[in-house]
Amino acid sequence: MKDLMLKVRNLKVIFPNQMGVLKAVEGIDFDIPKGKCVAIVGESGCGKSVTSLAVMKLLNSPPAMVRVDELVLDGADLKDYTDQMMQEVRGKQISMIFQDAMTALNPVMTIGKQIDEVFIRHGKMDKGEARIATIKALELVGVPEPKSRANQFPHQLSGGMRQRVLIAMAFACMPKLIIADEPTTALDVTIQAQVLDVLSDMQKKHEVSLLLITHDLSVVANMADTIYVMYSGKIVEKAKVRELFLHPHHPYTIGLLGSIPKLSDEVHKFVQIPDAVPHPMFKPTGCYFHPRCSHSTLKCSQVMPPLKTLLNGREIRCFHPQNVVDFEEVAHE
Amino acid sequence: MSKPIILSMKNVSVHFPVKGALPFSKKRVVSAVSDVSVDIFQGETFGIVGESGCGKSTLANAMIGLVRPTSGEVLFKGNKLYSLSPQEFKEIRRDMQMIFQDPFSSLNPRFNVYQIISEPMKIRGGASVDEMKKRVIELLELVGLSEKDLYRYPSDFSGGQRQRIGIARAIILNPDFLVCDEPVSALDVSVHAQILNLLMELQEKLKMTYVFISHNLAVVKSICDHMVVMYLGNVMESGSTKAIYQHPLHPYTNALLSAVLDVDLDNKKERILLQGDIPSPINPPRGCRFYQRCPYAMKGCVDKKPALIEIEPEHFVACHYINPFAQEEINAGLAKPLNL
Amino acid sequence: MKSFMNGLKEMLSGIWGFIRKLWRHPKGRIGLIIVILLVVCALFAPWIAPYDPYDVTQRAQKGLSPSFQHLLGTTITTGQDIFSMLIYGTRVSLTIGVVTGVSLAFLGALMGICAGYIGGFADTLIMRIVDVLLVIPTLPLTIVLTNLFGRSYLMIILIFTLFGWTGLARVIRSLVLVLKNANYVKAAELAGASRWHIMMKHILPGTSHLLIMSTALTSAGIMVAEAGLSFLGLGDPTAISWGKMLAEAQSGGALLFGHWWWIIAPGIGIFLAVFSFMRIGLVMEEVFNPKMKQSSNIYKLFKNLNNTYIEEVFSSMSEAQILGVGGEQS
């Protein structure tokens, strides 16, 4: 287990409120190997963003309550870290790229200064050295004319440029793990392609582990090594990218993949999943997906299926997995 | 080509004035749409594709009379839309409706479903409460909701259901022209297909003409008959969807197509990555608006605007690379590659 | 006419809704109770007050200390019953506060909506007027105008209304600018709605919460201002108001003779009135801004959490639990 950068076991997050208890994340396990990119995919309300915040220990209590059995970052268990210790970890070992770059950057400070600060704080550099490093970092993420751009304020940059600045900032302190929460959702298609390219380049160059959180399977296809599909607070499927796209087992994954229109398609009808994601306060009994599933049986509506591990390391939570080639159940640990 | 034209725009431009920083500084204009001509055929789906800031929403708003064009003519069923009297304008515009991108801001949170959907009928007047209620229930069932949702409020619904309510409101007056402004991009992925299928079913049932605005090229491909690709307020390529997808010519269209992140893992295509960002629509380039990011930019592209020329039947392209310069212009050195 | 009646009905039901919301809120309930009490005092002052407060002929009763005959004693100078004065004072304070508050809200809404929704020349004109009014100091102007036109309460209400609407109009205008661009307004426009329809159905209801809140808060502010003016001798000389009671107490030597109740009584009156209106205004803010409400309630909720229930919830989510049940079934 030495090659794991992040190991999360049995992470649970709930939000008690007047009406009852909102179960956001219901006991999920996941691993991020060193230098790899792992993606958590799911729709709004599936708990993927809460998961990322819980890993950073950024969820305040109240309103949230977090339980986790193991939260190990590169051998150190963060479970019992205090806020102060976590601050150290967050700056140095984990950094984050947000969806909305405008709110993640300080609007009254030049971007150069903001990146300088990271270098000064974590790289123990003086001001001059930091600025040189900043310009180099900006160049690396493909910001044209980095020297003059460094003196600009966030609002003077376009959305794509701001996202690059965030990426440069995230990589500045040479973290072990980067969490990217919907890094390209707010961008245009051509810009999205540019930014993803930069992100994946930087990740491979620096051999950093990357946790990619997104709702867009097509983003994941070109970036991630392993994918966890989440639905309603639970992991329903885990697989290597290729296997997931070629042989999706879980009906939800199949539906998700089917609902992405492809350029090569000739059909005029879209494959649809009926109904909508259940409200996290009112989840159905049994398998959370059964009301929308075309393969559901009586059992599905009564019992939550366990997460089974298959021979090839894939994991699936379903009584009726589809497209299974070498389906052979392995006893759960 | 036998289909009648329902709406046509002739050389439409929309400019917005921008206030200068100082009171007496020179007034600048944003040219959101400049010199666009399109014909939309009855019963078809017409796609408008482009990135944010390309003027696709402004163009659609000009079609249905929400934004007055600075110059040019919009003809709807043969009527010059902006030369009509206010009364006639209101009358004719009831045949055109719109579905909005954001289902959260398109429904008044203080109204219940019945009030929201019946509002257009109420405004038009002449219907009794019973008639309206009957019609609203009929529509609710048509869009996949039920009578019991009649008195609930928008906050009780998910994004997809809200979009259904918005669709019901849009079709209550039986319009034959419907603008869908990115109707699914604010929704969950698994709901996209539901809404798109619903829209297509309705089109078949009610024989409507759609204008479909989207940045998703794969969706446009499967539902649109004709389309335009826009960039910075100009049409780059237009024509039948089939022709454009089979044989995309404009460098921008090609870049857009290759930027679509396909999940097909096996045929990994070579991706064309565009350099730089979309320039500001204030003071856009004089010549081709795309030249700063174009991999094939030539010296002549800077100053000379390319005309929209029919390359093959139902396929128009505005590009000097595709429609080469005249001989004397080549002699003048306009075709030399531009080094930025 | 019919649409007007309908509008009125909707407005009344809206106000009733607000009162119900206020009542459910513990802090709002206190404010509401005090306001109702004050209103009752003001309406039924002649029946509640034991003496005639205008009676300045009771020379024999001058300067009495509180007793059962005179709950708060009598004034040193003229022998008026202080408790009765206090009750009558409610009338002046409340009337001025509420009338000014309501007319301010009306004027502010009218100007703000005109500026925001009609735009163009109307917008420029109104905003320039706002700019001019904002820099005029109200208090000196009030002193000058009351000297010029006589010291009546109508004058005070008029001045506060004419010079006080600017802030509200600005807020309403910016809200209207947001509402105007909402897609549901566009949809109504597409259906052929008139400007009047959009204004009455979409824009005005969208600003109603702000209007109600501002009425409550400005009313409280105006009451304080009125007390100040009366204290300075700028109020109506014939009426009894809390501010004037304070002024009389000071000039009549309440401090000199140690008659503290003479000073405290109107002070408490002013405090209660302002406190209750402020309370209502602040609760309104909380009701309309759910985020504020949540953050204040969530701490209380967490203190009272049922731990065993939470443990049950946590353990119900475990994989082992599912496996156990699942294994049993299959």
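Letters A, B and C mark the chains in the order given here, with residues in each chain numbered from 1 onward.
Definition applied: a residue touches a chain if its C-beta (ideal position, glycine included) is under 8 Å from a C-beta of that chain, and two chains touch if they have at least 3 such contacts.
Note that the structure is a prediction, hence the values are computed from the model and not measured.
S.K.: Can you list every chain in contact with both chain A and chain B?
M.R.: C
S.K.: Please name the chain that ends up farthest from chain B once chain centres are defined by their CA atoms averaged.
M.R.: C
S.K.: If you tally contacts for every chain pair, which pair is highest?
M.R.: Result of the pairwise contact count: A-B comes out on top.
S.K.: Roughly how far is chain A from chain B, going centre to centre by Cα mean, in whole Å?
M.R.: 32
S.K.: How many angstrom between the C-alpha centroids of chain C and chain B?
M.R.: The separation of the two C-alpha centroids amounts to 48 Å.
S.K.: Chain B: which residues touch two or more other chains?
M.R.: As it turns out, chain B has no residue touching two or more other chains.
S.K.: Which of the residues in chain C come into contact with chain A in the complex?
M.R.: For this pair, the touching residues of chain C are 294, 297-299, 301-302, 305, 309-310, 313-314, 317-319, 322-323, 325-327, 329.
S.K.: So in the complex, which bits of chain A are touching chain C?
M.R.: 10, 12, 14, 16-18, 21, 23, 26-27, 29, 61-63, 65, 67, 299, 302-307, 332
S.K.: Per the contact definition, I'd like the list of chain A residues that touch chain B in the complex.
M.R.: Residues 43-44, 144, 158, 160-161, 188-194, 196-197, 215-219, 221-222, 241-242, 245-246, 252, 255-274, 276-277.
S.K.: Which positions of chain C touch chain B when the two form their complex?
M.R.: 182-184, 186-194, 197, 201-202, 205-206
S.K.: Along chain B, where are the residues that touch chain A in the complex?
M.R.: It is residues 51-52, 158-161, 188-194, 196-197, 200, 215-219, 221-223, 245, 255-265, 271, 273-274, 276-278 of chain B that touch chain A.
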